[in-house]
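The same chain A turns up in both complexes below, where it pairs with chain B and then with chain C.
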Partner chain A sequence: MPVPPLGSRLRRTVRENLVAYLFLAAGVICFALFSWYPIVRGALLGFQQVTFAQPAQWVGLDNFHRLFDDPLFLTAWKNTGYFTLLALVFGFAAPFATAVVLNELRHGRSYLRMTVYLPVMLPPIVTMLLWRWFYDPGPGLFNHVLGVLHLPAQQWLESENLAMVSLVLVSTWANMGTTTLIYLAALGGIPGELYEAAELDGASIRQRLWHVTVPQMRFILMITLLLQIIGTMQVFVEPFVLTGGGPDDATVTVLLLLYRYAFVYNDFGMASAMSTLLFVVLGLFAGVYLRLTRTKG
Partner chain B sequence: MDGSPGISRRQLLVPATAVALSLALTACGGSTSPSSGVDKNGVVTISVNGMPAKTQPVDRKNFLEDVKAFEKSHPKIRIDAREGQMDPKTFAAKLAGGQLEDVYYVYFTDPAGLIQRRQAADISKYIGDVPYAEDIDPALLKVFKDADGKTYGLPTGNYSLGLLYNRALFEKAGLDPDKPPATWEEVRTAAKRISALGNGTVGYADYSKNNQGGWHLTSWIYSMGGDVATRQNGSWKAAFDSEAGHQALQALHDMRWTDNSMGTRQLLEIADVQKMMGSGKLGMYMAGPDNIPTIVKQFERGYEDYGLAALPGTATLGGGDGFMFNPKASPEKIRAGLTWVQWKYLRSPEREAVDSKRAKRDGVPIGLPQPRLFAGDTQAEIDRIHARYANTPVGNYRPFVERNAQVATKVEPPNAQQLYTILDGVMQSVLTKKDADIDTLLKDAAKKADAVLATVK
Partner chain C sequence: MAAETPVRTLIAPAEMNRRTGRFLYRFVLVLTLTGFTLTFVFPLYWMTTGAMKSSAELADPNPTLVPHSWHPGSYADAWTNVGLGHYFLNTLILALGAWLTQLLVDVSAAYALSKLRPLLGNVVLGMMLATLMLPVSALLVPTYLTVVDVPLLHVNLINTPFAIWLPAAANAFNIFILKRFFDQIPAELLDSARIDGAGTLRILVSVVLPLSRPVLAVVSIFAIVGVWKDFLWPMLVLPDENRQPITVALNRLSEFMPANQLLAGMAMAAVPLLVLFLIFQRHIIAGLTAGSLKG
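The block that comes next holds the complex of A and B.
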């Protein structure tokens, strides 16, 4: 059978899939306009001095040099790293443990599931104000409880040592609901026979958890870990509302510094240079994430 | 996906949306061509901001009445009024997207940067035609001028920081509310006595967050006879690592840790302190007169509850607000905008009388000691009108009025916001660390400030 020429094959393919291409084009245009173009433009701004009143001027690596000269630059990265690390300690273990406990419950599971998810539904600013009251060194809830237990009151947000831990606790409380639900779903997908077999072999709860649950959830745990690193490195609302970066710059994060450059000092060149660096770092983690998901697929 | 700390996308929402919006707008609207804004009948339409929000119904109604009256008396000008004032989060995006109003509101911290970045129009050649412009206090007009003396805006409000206090708490603590503290030593004593009332009462509070700590520390240092930045051989240098800087921080440290008269919660900002004052739990804080109506309105208090004293010491920080003009605005729009700003905000004594009468009727405060925009006879005439229609207890502000003339008003340092960020850290250390080393704090901060000041042109 003779093969039709390439041009006519292409035309036929296009004609047959025209509607699909039109749908695809709408998505591509939207992404290009609202996602890709701002990203490219943002990266370019990092090499420019922009006032928006005059044409932008190319300044080469000047913005990056100024950024590296800023003593807060290193502080912000260190603080962000510290927050990410603490968030892994608290925030990674907490939803997993909660999910395992919820999964084992026989009664009130749906009610508790909803309770765990409830903080996610609160607007962030409400969460922050609520926790500000919890942390208040005077009439705050936490110090009140410590007082009842005859323990010394703490300067939750005012102490350099405690401030970051306090922010991580807020963040964990506010966001763990979604991850808990993901883990619950993953737990539900583990074949019951595996547990039955383990029980027949005389495995204890701890052994079942370690030899069945964790290996079965390894992939989902790895993915949430990566997403959590990507997410926590972008921490902003907590330090912005609760500490303003204090005390003594102990909670200045990369995004808070970026915000200051852009909207307090009106220096969009510096802000864009900073966001480009953040983009590169997060891009590395995103690359690992993509590789992992592709391998699994 | 949303999850444990950080997986949340909402954390990123605020800055990411703002940056993306700014960038997207830059991309979409940067090439808006200027138009004269004059229609075929010779009517020029100008967009202006500063219209009060719907949550302030009386102020909004009065504003719209003014727009109507202005358009009636100036048939060749139409006002396109918009809500909002200076918002650094949207300013650049609006400018880039061609959405910035022709006449826009600014705080005194803004003009220097806006002029340097050429984000405001030069109005020098039009200002001679503005009635009463020559009577404006030259110190206020200077805020809107560049090094060459060109003018880029007009002031419409001003304040100098004093000491706002709760008269009832003064009485309860056995202090005379008509004789508030005039020295920092007296502030300290009064704060101790007010704190001794107990029940969560705080004697004195101050800010230390979001650049507001640096702002107030600057005023503290001014009051102790010092400076935050000085010009030496044509370049700026940090000047707060001084005796005055040391004294200011020592005073704050002692009140916080020795006297325990500043409460336990720190990292406060203006809204927190106003709330404390509004709930009757705070004795004193550093504030301009404009804080009084805010507290009265927000917390449903009476004007008689509060008194205002001049800041102790030799100098205080002054600031204010005004209007500048879109760098892309046509000459016709600039002329019309100047006419509006003068008519609405830099009122003739005749219009001031009409406005004060209406304000008194609507319960809008008249009789606060500031703003004072003019110099000489014009201001004296306006003061007489305000005294006639006063609906606030002007006697409560006598301690401010009587001594304020002896307290020099100094403007904010160059690159103010960056310096305030640095000084925020100093303020936070002193208020949150009992063993804060003031010498080291000042030395380290001065080094950082020198780097920031080196960029001042």
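The block that comes next holds the complex of A and C.
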């Protein structure tokens, strides 16, 4: 085939690129408007004062100063840290233990796999309203069960000490299905020979769990740990619906406070300063996540 | 349920077959089955049947397992009197619209990036994927302000479904799994279609899409489920009560509604997703594990 002249080859390349970008256009526009532009704008907003009446004004570090002066600011970070920690204690151990047990069971596997994922399919608002009813001190199911077991009734959402724990319980119930199924898939990938070899060496079940299962799962455990930290630090629906931040600000989280700044007080600058800080903190974890996945891949 | 093909796991088959092993296995099995049913299925039973209890029965501090008297009318009341049917349909429109927008936008973008390979395509893909690393909540405020006044166009999308549909289309995860799937379709197939005279769009519609059913199913399910479950974003961008989805309406009305009707509304908001899950379980679980951490 004769080589076409340069002009027509160029024209063809241009045409092909035009067609390709035509297909890409809608995607690029959506990303530009609702992802890339907000990223840039978000970085700037923290240093601006925004009102709908007039154009944004530069205020330097003003928003950050006002943020640090708000006594709730520190409370919100402490509460969020506490929530994240508790969520790791429950939400990290429960799915792992569940997945290990499910992986040994030879009956009812698909039923168990399905049921553990059911709460994930519920709209979070339904989950919260359902649990608010369970936590209810009057007709609530939890206090009734405690009563049947001759245990004292609890002020689930109304007690400063218990409110956060109550939120973590809902959150774990609602989200553990995803992690469990991911662990289950990973457990299925562990070569059986490793267990056989360990068994020949005389390792007990507990030793095999510790020296075969856990090391084989180390990578995936690290990844879910990071993703869970990133996810739980953005907790919002639980305190918003169940406690509204109370009692006595015991469940005011970073995102709840950010929401109040922006959409209750209409102080978008201050909310954005908060976003920036949240972004920096979560960015650290995201950076570790990226490093881990990259070196593995 | 039949036992699956034995794969060697933590516990050896020999250990399982010993008398104590068999006993322990049965014990754990029964414990897990009842535990899971109580923990994950029972609350759903409690919700759907609770809606059919009378208000007095619901307020009783001694709850009843089976309603003493059945009042299925709460569902009808919630649907018509409280108007949850209207909010339900709002959700349906938001979810279906978001699904269509995502398919249209993301499939064509992934097709361009995978098969048409424009100049700087990889840069665009990289910029899209980079957004996956950003916490959604850190972008809440700037995205909201963007929706209030879209740059260049200067339109206000508040109280329009576009405020849900368009941001949902900027979905790097969709583009990523679609592109990865399209990459596996052999170039020869596309070439031969081109020789037969098919244009670029025609190739997408009649060659690529029919081959991509499994990945399209995954994307579709996640698109619908994502919008159906969402709460904070629609609450912010759809302040007009008439346009709100059922999740937002439920939270707003929860203080004023009779308990049985509220429960009926909760069941309405939940059942479509549960049914979807029962039908497409395999796809959902496959998408979950594929989408997670094969990186």
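Methods note: the second predicted complex is superposed on the first by the 264 of 297 C-alpha atoms of A that agree within 3 Å, B and C clash if a C-alpha of one lies under 4 Å from a C-alpha of the other, contacts with A are read in each partner's own complex, and residues count from 1 in each chain.
Heads up, the rule we're going with is that a residue touches a chain if its C-beta (ideal position, glycine included) is under 8 Å from a C-beta of that chain, and two chains touch if they have at least 3 such contacts.
Everything numeric here is computed off the predicted structure, so don't read it as measured data.
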Between chain B and chain C, more residues of chain A are touched by C
- Item | Touching partner for A:187 - first (chain B), second (chain C), both, neither | second
| query | Now for A:45: first (chain B), second (chain C), both, or neither, which partner does it touch? | reply | both
Task = Could you tell me if A:237 is touching chain B, chain C, both of them or neither one (first, second, both, neither)?
result = both
On the A-aligned overlay, A:100 touches which partner chain: chain B = first, chain C = second, or both, or neither? second
Worksheet item: First (chain B), second (chain C), both or neither: which does A:155 touch?
Response: first
Is A:111 touching the first partner chain B, the second partner chain C, both, or neither of them? second
Query raised in the report: Which of the two partners, first being chain B and second being chain C, lies in contact with A:19: first, second, both, or neither?
Result: second
Which partner does A:62 reach: the first (chain B), the second (chain C), both, or neither? neither
Just chain B (first), just chain C (second), both, or neither: which does A:71 touch?
first
The intersection of the chain A residues contacting chain B with those contacting chain C is 33-34, 37-38, 41-42, 45, 50, 52, 124, 138-139, 178, 182, 224, 230, 234, 236-237, 240, 255, 258-259, 262-263, 268, 271-272, 275
Chain B contacts chain A in the complex at 1-16, 18-20, 22-24, 26-27, 30, 88-89, 91-92, 95-96, 113, 117-119, 200, 208-211, 263-267, 269, 327-328, 417-418, 421, 424-425, 428-429, 431-433, 448, 451
In the complex, the residues of chain A that touch chain C are 16-17, 19-21, 23-24, 26-28, 30-31, 33-39, 41-42, 45, 50, 52, 100-119, 121-126, 129-130, 133-134, 138-139, 141, 144, 173, 177-178, 181-182, 185, 187-188, 190, 192-193, 195-196, 199, 205, 208-209, 212-213, 220, 223-224, 230, 234, 236-237, 240-241, 255, 258-259, 262-263, 268, 271-272, 275-276, 278-279, 282, 286, 289-290, 293, 296-297
Chain C contacts chain A in the complex at 1, 3-4, 6-12, 15, 25, 28-29, 32-33, 36-37, 39-41, 43-44, 46-47, 50, 58-63, 104-106, 108-109, 111-113, 116-119, 121, 124, 127-128, 131, 133-148, 150-151, 166-167, 169-170, 172, 175, 200, 204, 225, 228-229, 231-232, 236, 247-248, 250-251, 254, 259, 262-263, 266, 269-270, 273-274, 276-278, 281, 284-285, 288-289, 292-293, 295
Interface with chain B, chain A side, in the complex: residues 33-34, 37-38, 41-42, 45, 50-54, 69-71, 83-84, 87, 90-92, 94-95, 120, 124, 136-139, 153, 155, 157-160, 168, 171-172, 174-176, 178-179, 182, 224, 227-238, 240, 242-249, 255, 258-260, 262-266, 268, 271-272, 275
